[in-house]
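Next come two complexes built around subunit A: one with subunit B, the other with subunit C.
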Partner chain A sequence: MAVSWLRKLASRTQVPVFPVLGKQGDRALRYLALSPEIELVDSPRHASVLLIAGEVPADRFEPLRRVHDQLPYPFTTLWFRSEPWPHLENVPRVEKLDELPGALITAHRELMAGQRDSAPRILTDKPPNPWKGEGDFGQGGEGMMGGVPYGRPMAMNMQDDIRDGLTLDSLTFRLGPFFSAFPPGMMAEITLQGDLVQTWSTQLAPYPQSLDPVFFTARERPVPIAELELARARHHLHRLFQALRLAGLENASLDALRLAQNLSTSSTLGGLRRRLVRSGFFRLSSMEGGVLDPEQARQIGGPAARAAGLDDDLRLEDAGYRRLRFSPACQTHGNTRARWQQTLNEIDQSLHLAQQAERDEVYTSEVDRIETPRGPWSEQGPEDASPLLDEVLPGLEWGEALATVASLDVAAVVNEGGGTQTPDELRVVQGGSGNVFK
Partner chain B sequence: MFLNELLLPVLMVTFMLTVGAYVVAVLDRLIAGAFGAPQAGSVWLAPMARGAWLMTQHANATEAPDWQAWRLAPALYLALAAIGLAVVPWSESLVATDLVTSVVLWGSVEALATVVIFLHGWSANALLPLIGGYRYVALGLSYILISMFVLIGVALPAESLQFTQVVASQEALWNVLRQPLGLPLFLIVGLGMTFWGPLNLADSADLAGGTASEISGPPRLVWDVARAAMLVAFSGVAASAFLGGWLGPWLPGPLWMAIKMLAVLLVLLLLGRLLPRIAPERCVTLMWVVLLPLSFLDLVWAGIGALL
Partner chain C sequence: MELLTLLFILLLSLGAGLLVQWLPMRHQPMPTYPQRAPFLGGGTPDSHAWSRYHVRYYPMTLLLIAFEMEMMFMYPWAVVFVETGMKAMMEMGMFLAILSVGIVYAWREGVFKWQ
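Let's turn to the complex of A and B:
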C-alpha cells in the first residue's frame, strides 16, 4: 500500500530524461528543454528514461550500450527517429516530435505504476578488461607502478605540468560521445593533471550538423536575405542556449531558446544581451581561454574567425548584401569572450539586416559562395574542425576547456538539406517566422 | 532532563531539517518559475514527488567505490547541517543546543564540510566526481578563512562565542549596520559551503553533476536534502550573526527569526539563479585578493568598534 502510494507520487514528478543524441537529435533536445513536464539531466544516473534521439551510427553503439546500462533501476528507453537494436524490437518508438513529451511522460508513469518492466541490462557486469593478477596489487606491472589495471593506465606523473610546475598525477580517460557538454557525437581522450587539461585528442568527430533548409536553397537560387539572416540568428541562438546552460544560467538559456523559437524581423536582442551583461556572464564565467591564432581561426571560419580579427565574410561579395551596406564587425582577442561577443553582435546584425531586407525585398545574388552561420561555403561546405581542439585545449582548466568547446562551432555541415522533419515541425523546433518555407 | 536536553532538541532539529529542505525546494522552484523556467503541476507537490521518485529509484554502484565512505558522505553532510541547525537560536530560550562555544562549533561545521564534500567526490571512484571534489578543496580553504574573520567580528561586540549572546549584543544596533562588510562577505561564504549557484564548482553542469554525478536513488535524495538543509542552517546563522536573530518589535521572536532566515534564503537562491558559475581560478583569486583583505578590514572595523 505504502509502496503504491509512493510510486503514484513518484509518477507525478517532472520526467528525468537523459538524452543520447544521434544525428540531428539536438532538435529534440531543444524541443524538450521548453517542455514543462520534462527535466533534461546531464548524467544517466539521474534519469528515469533514456531517450535515444536520432540515428546513432554503428561506431557509437558500444558507448551507447554502456550509457544504457548506467541508468539505475527502474528505467526505460524511448527511441525517437532511431532504429532500436535487433534484440530490442518491442521498445517504444516515436516518430513525431510533438508526440515526444507525451511519450516520455507515459513511459515514466507506466514504469512507476509497474505497468512496464524496467529495461534489462545489455552488458554483463564485469570489468571491461581483465584484472591481471601480477605485481604487488595485481595491476599487472612491477612494484606499485606500471601495469594497466582493468585496462586503464594508472594515475602517474609521467608528464611535467604545463601550468605552474606543480606536477600532479596525471589521469587519462575517454569522454563522449554522449557527454552533454560536448557537441553531439564527439569523443575525446583527455589527460588531466588536477583539473588542468594536459593533452586532448579528439577520437570521434561530432556528427555533421544540418543547417536551416534556406541555406541549402540559397546554394541553388537567390533567396530573400530576411529569411537567410533570421535562420543565421536562430543558429547562433541555439548555440548560445547550450553555452548558457553549461555556464549555469539556465533561465537565460531558455530565454535564448524562446527568442530563437519566436524569431521574426521585429525581434530584438537587447533584453537578452542586457540580461547576460548584468548577470556577469562575460566577466565571471570562464571566458579567457581558447585563444585562436589567425590560421586556426581561418580553419574554423565564421564568427570564430571574425572574433579573432579576420574580416572574412562571403556576404561581402553578394550584391544583395552590398545593397544593405553590410560590413562585418570583428573582435580582436580571439578567445571565448570575444567569440560570444561576436556571436551576439552577429545575431543583432542579422536581425537588423533581416528587417532592412524584408522592407526592401532584397534577395541574395550569389549562389556558389554563401556565408553560412558555421562559416564560408564555396566549393566545399564547412568541414569538421574538431582536430583543432587538440591544439587549443591543452593548458586550460576543465571549465575553461568546456566553455571553449561550447564557443567553437566545429562540426561539419551535411551537404544536403532536408532531413526527416515536416515544415510544420521545423517551425516548432526552429521557430520559423512562418515565411521561411513559402 | 531527557526530555529537555535530548528529545526536544532532536525533534526540533529534525523538524527544521525536513521543513527547511522543503521550503528551499519550493522557493527555488518559485524563483525559477518567476524567471521563466517552464513548470507543470503544483510547485508545492513537486519536491515531494521528486523525493518519492528518488525513493523508488535504486542506488547504483560504480566500479569498486569506497562503499562505506560513499554511502556515509551524504549522511555526514546532513549531520553537519543538523549540527548547524542545532546552534541556531529561535529566541532567548528556544535553542536546541545553547553551547557557550556555538560560534566555534559552526566554524568546525564549515571546515568539516570540505572534508565531507571531498569524500563524496573521491569515494565514487569515478572521474567527474573526483574533479568536483578536487575543485571544492581548492575553493574551501579560501572561503573558510573569510568566514572565520567575519565571525570573530560579530563575536567581539558580544564578548562571547555563543550565538544567543551574539544576538543579545545586537539589541541596540544590528551587526549588518554595525559591520557593513560582514553580511555580504558571509553570504559569499554561504554560497561556497553549500556550493550553490555561482560557487557551485563541486556539483556543476560541466561535470554532469560533479560529486553527485554518479549517485542515484536514496543516497541522492539524502545529498539533495542535506544541501538544502545546509542552506537553511547557514541562513539561520547569518540571521543570528548579522540580522539580530529573534529581535524585533510586535511579532514573537521565533517568527522574526523565521522571516529573517527566509530573507537570507531568498537572497542566496536569487543569486543562485541570476549569476553564472564563476570560473574556479577567478573565484580563488577573488577570494584571496579581494575578499580576504576585505574580511581583515571588517575585523579591524569590528575591533575598533569594540574598543570605542
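Let's turn to the complex of A and C:
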C-alpha cells in the first residue's frame, strides 16, 4: 500500500534525466532545459532516465557503458536520433524533438509504476583489481601504501608542485567525454594537486559543432545581414547558457536561453546584462584565469581573439557591414572575464546591426570570407583548438580551469550545413520567430 | 533506574533509525563495482581520491585562533583592570604586543592573501 503510494508520488515528480551528448545532441539539451517537466541533472547518480542524444561515435562506447552502469536502480534509457545497442532489448528510440519530453515522461512513469523493467547492467560486477583477502589485514596489499584497497592504488606524490613547491599527493584521472562542463565529446587526462591543475592533456577532441544554416548559405550567396547577426547572437547566447549553468546561476541561464529562443531584431540585451551584473557573474574569482597570449588567441579566433585585444574580424572586409559602419569592439585582458564581456558586447552589437540591417535591407557582399561566431572562415572553416587547453590550463585552480573551458569555443565547425533538422524544428530549437526574411 | 530508562530510549531510537534504513534496502542488492566508481563523465581514475593535499585556508584558521585567545583573556582582564588600573593596562599591552608579532609575521608570510 505504502509502496504503491510512494511509486505514484515518484512518478509525478519532474523526470530526472542525465543527458549523454552525441553529435549535435546539444540542441536536444537546450530544448529539454526549457521543458518544465524535465530536470536535467549533472550526475547519473541523480537520474532515473539516461538520455543518449545524438549519435555517439564508436570510440566513446566504452565511456558510455561506464556512465550507463552508474545510474542507480531502477533506471531506463532512451535513445534520441541514435542507434540503440543491439543487445539492449525493447529500448525506445525517438526521432522527433518535440516528442522527446513526452517520451521521457512516459519512460519515467512506466518505470516508477513497475510497468517497465530496469535496464540491465552492461559491465561485469568486478573491482578494477582483485583485492579482497589480500595482505595482512585483507586490505588488498602489503605495507601502508602498497596494494589496491577496494581495487585501486592509493594516491602517491609523483610530481613536483608547480604552485609553491609544497608537494603533496597528485590525483590523475580522465574526465569526459560525457562531462557536462566540457564541450560535448571532449575528454582530457588531468593531474590535480589539491585544487590546482598540474597537467592537462586533451585526449579526445570535442565533436565538430554545427552552425546555423544561414552561415553555410552565406558561403554560397549574399544573405541578409539581419538574419546572419541574429544567428550570431543566438550562438553566443547558447554558450552563455552553458557558462551560467556551470556558475550555478540556473535561472539566469534559462533567461539567456529564452532570449535566444525568442530572438528578433527588437530584442534587447539590457535586462539579461543587468541580471548578470547583479548576480555577481563578472565578479566571480574564477574569472581571473585563462589569459591567452596573442598567438593562442589568434589560433582560437573569433570573440576569444578580440577579447585579447586583436581586432581581427572578417566583417570589416564586407561592403554590407561597412555600410552599417561596423567596427569590432575589443577587450584587452584576454582572461575569462574579458571573454564574457566581449561576448555580451558582441551580442549587443549583433542586435544593433540586425536592427539597422533590417531597416535598410542590407545584404552581405563577401561569400569566400565570412566571420562565423566561432571565428573567421576563409579557405578553411574554424578548426579544433582543444589542444590549446593543454597549454592554457596548467597552473589554474579547478574552478578557474572549468570557467576557462566554458569561455573558450574550441570545437571545430562541421563543413556541411543544416544537419538533420526539419525547418519546423529549427523554429522550435532556435526560435526563428523574429526572422523577418523567412 | 534513570540510567536504565535512558539506555532503553537510546536503544529504541537506534533500533528505529536502523530499521528505517534497512526496510527499503532489504530487497536491493549492493550497488555493483562499476556503479560505485566515481563519476568522471565516462572517464576513469588512476588511484583513490584519498589524497593528502594542502588546505589553503589552514594558516588563516590558526590565526583566527590567535585572535580568539586574545579576546578570551580580555574579558577577565576587564574586571581586573577596574581594581588594578594602569599596571593591568601595561600587562595587557605587553600581551597584545607579543601576539601582534605573530600577526605581523603571518602577514609577512602572505597568510592574509587568499589563495
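We adopt the following convention: the second predicted complex is superposed on the first by the 403 of 438 C-alpha atoms of A that agree within 3 Å, B and C clash if a C-alpha of one lies under 4 Å from a C-alpha of the other, contacts with A are read in each partner's own complex, and residues count from 1 in each chain.
Throughout what follows, a residue touches a chain if its C-beta (ideal position, glycine included) is under 8 Å from a C-beta of that chain, and two chains touch if they have at least 3 such contacts.
Because the structure is predicted, anything quoted here is derived from the model rather than measured.
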After superposition on the shared chain, which partner residues are touched by A:270: those of subunit B (first), subunit C (second), both, or neither? neither
Taking the superposition as given, does A:248 touch the first partner, subunit B, the second, subunit C, both, or neither? first
Going by the contact rule set out at the top, does A:387 touch subunit B (first), subunit C (second), both, or neither? neither
By the touch definition at the top of the document, which applies to A:279: first (subunit B), second (subunit C), both, or neither? first
Return first, second, both or neither, reflecting whether A:294 touches subunit B, subunit C, both chains, or no partner chain. neither
Mind working out whether A:102 is in touch with subunit B, subunit C, both or neither, as first, second, both or neither? neither
Can you tell me whether subunit B or subunit C touches more residues on subunit A? B
Once the structures are superposed on A, label A:127 by its partner contacts, choosing first (subunit B), second (subunit C), both or neither. both
What is the contact status of A:173 with respect to subunit B (first) and subunit C (second): first, second, both, or neither? both
Based on the superposed arrangement, let me know which partner A:69 touches: subunit B (first), subunit C (second), both, or neither? second
Going by the contact definition given at the top, which residues of subunit A touch subunit B in one complex and subunit C in the other? 43, 45, 70, 72-73, 127, 150, 171, 173, 175, 179-180, 194-195
State the interface residues of subunit C toward subunit A in the complex, per the touch definition above. 28, 31-35, 37, 39-54, 56
Tell me, which parts of subunit A touch subunit C in their complex? 43-45, 60, 62-64, 66-67, 69-73, 121, 123, 125-128, 149-156, 166, 168-180, 182, 187, 193-195
Can you tell me which positions in subunit A touch subunit B when the two form their complex? 6-7, 9-14, 16, 34-37, 41-43, 45-46, 48, 70, 72-74, 112, 127, 150, 171, 173, 175, 179-181, 192, 194-195, 244-251, 254-255, 258, 279-281, 284-288, 397-400, 402-403
Per the touch rule above, subunit B residues touching subunit A in the complex are 32, 35-41, 45-46, 48-50, 52-53, 55-60, 63, 127-128, 130-131, 134-135, 197-198, 200-201, 204-209, 213-217, 220, 273-282
